[in-house]
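We call the chains A, B, C and D, going by the order they appear; numbering starts again at 1 in every chain.
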Amino acid sequence: MGKAIGITLEEARRIIAAAIEKANQIKVMMNIAVVDEGANLVAFERMDGAWIGSIDIAQKKAFTARAFDLDTKSLGENSQSGQQFFGIHASNNGKIMIFAGGIPIKRGGQVVGAIGVSGGSGKDDHSVAEAGVAAAKP
Amino acid sequence: MGKAIGITLEEARRIIAAAIEKANQIKVMMNIAVVDEGANLVAFERMDGAWIGSIDIAQKKAFTARAFDLDTKSLGENSQSGQQFFGIHASNNGKIMIFAGGIPIKRGGQVVGAIGVSGGSGKDDHSVAEAGVAAAKP
Amino acid sequence: MGKAIGITLEEARRIIAAAIEKANQIKVMMNIAVVDEGANLVAFERMDGAWIGSIDIAQKKAFTARAFDLDTKSLGENSQSGQQFFGIHASNNGKIMIFAGGIPIKRGGQVVGAIGVSGGSGKDDHSVAEAGVAAAKP
Amino acid sequence: MGKAIGITLEEARRIIAAAIEKANQIKVMMNIAVVDEGANLVAFERMDGAWIGSIDIAQKKAFTARAFDLDTKSLGENSQSGQQFFGIHASNNGKIMIFAGGIPIKRGGQVVGAIGVSGGSGKDDHSVAEAGVAAAKP
């Protein structure tokens, strides 16, 4: 089996557009980031009026989801005090986010990148990220 | 006179699109960032194949151009060893870039944001940034 | 009694090879780091497909295990909210990891280095680290 | 044209082994790092007696060579005071090294990773890095 095709800028735009459509539906202004296979940023957009503090968080959620091939909601559940990954947020020089909104993007069974969304509740961020992932190429 | 209208996501996209058109003309793959009046990121795009190390630089050039309301080419000239601002790159927690590619975006005499471009020579980065600025609303 | 012989690159390779053998047995792709008596990195290997975010964590688990002459699993138990070392992860400029996978390497009763493993559950990381330690010179 | 195959751990070991052979010939103890296409570390080795301060530098040279698809010797020449990239060392959160020892690894015209070497003079570091690159798959 060959290597899955990576995320292009064109695809990242489509993923972000789908996420924004969902964000508009639920009426929450979001910051949205897409990273590639190497966890490096491909594209980012902040909706008008979205939280400034979430510019950083959206990018770091995307990084985290690719860094551990896991959505940040699940990672967060395992990173609370008393859980097996408690303290993981101190790694990777402050780039690890352990609350919902980051989801890996998979193709042919391989993780090829990730999306990170920040601007609302954990539930909202996660659902907007899911809408973005659904727009990725199968 | 009222306050100049800020940069919306829609305008940031148009600025980036104009910059990418120029980058394609000169055949250099670029990272392009747009910040608003508060020097906070609005949108970012990395062209396929553009330097990974320039993801950070493009964003910081945009920050710097707004931080000092000055293009980073001019700031750079004043920040060489022996010049009046030498050492300024150590300020702002590493967010200051002192080489060409960042340009403020003005409207009605006021700086409302900035663009940062990174991916080629200083000359190329600056010319692509100029193309982006030219697409901003007058 | 003289000073215990330190960990050479050759020994670090043998420790990592033993850890990788164990990782292959349990079918979890791991990042593995070995530090010396001074808590400085001797060797590191990332198995193909192992988590990118664990590159940093494996190295920091090894650092932590040598920094406190204690496995990071035990340190973690004492570093949860309410425990005596809660907050220790904020020390040492972000280099302290408080979950399982780091184990000191001892020789003649002295700690001469440590191994750090990251890529799976805490239990998996710890067992792979143990396999590495077992390959160190007595 | 398909995407070039990335650097596996096995290939990284071979690259490091070739670099160490060269380092032994010129009798300079080196730190050697190999990163993949995403600029993420694959393997690292410190020869016995090599500089501790170069553990970090070798890794950052490899990162830099991939970040800008350019050897760090050339980048350094363009990053002196008065040159077009002066100040670039302040970008990427301290991960940019602007002196010789980092070289990209190419395959089929694409950069698939990089090597970083630190432990001696710039000339020595560069020549050891070249020996490593020569061992990469064509």
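Some observations on this one:
Keep this in mind: a residue touches a chain if its C-beta (ideal position, glycine included) is under 8 Å from a C-beta of that chain, and two chains touch if they have at least 3 such contacts.
Because the structure is predicted, anything quoted here is derived from the model rather than measured.
A turn of 90° superposes the CA atoms of subunit A on those of subunit C, with the angle given to the nearest 5. We define each chain's centre as the mean of its Cα atoms; on that basis subunit B and subunit D are separated by 29 Å. Subunit A and subunit D have CA centres that are 30 Å apart.
A separation of 25 Å divides the Cα centre of subunit A from that of subunit B.
Shared interface positions of subunit C, defined as residues touching 2 or more other chains, are 52. Taken as a contact graph, the chains fit none of the simple arrangements: neither line, ring, star nor complete graph. Here, these are the chain pairs in contact: A-B, A-C, A-D, B-D, C-D. By the touch criterion stated above, subunit C contacts subunit A in their complex at residues 51-54, 56-57, 60, 76, 79-82, 89-90, 94, 96-100, 121-123. Those residues of subunit A that touch subunit C in the complex are listed here as 38-39, 63-64, 66-69, 81-82, 84-88, 90-94, 96.
By the touch criterion stated above, subunit D contacts subunit C in their complex at residues 8-9, 12-13, 38, 40-48, 52, 55.
If you check the complex, the residues on subunit D that touch subunit A are 2-3, 5-6, 36-40, 93.
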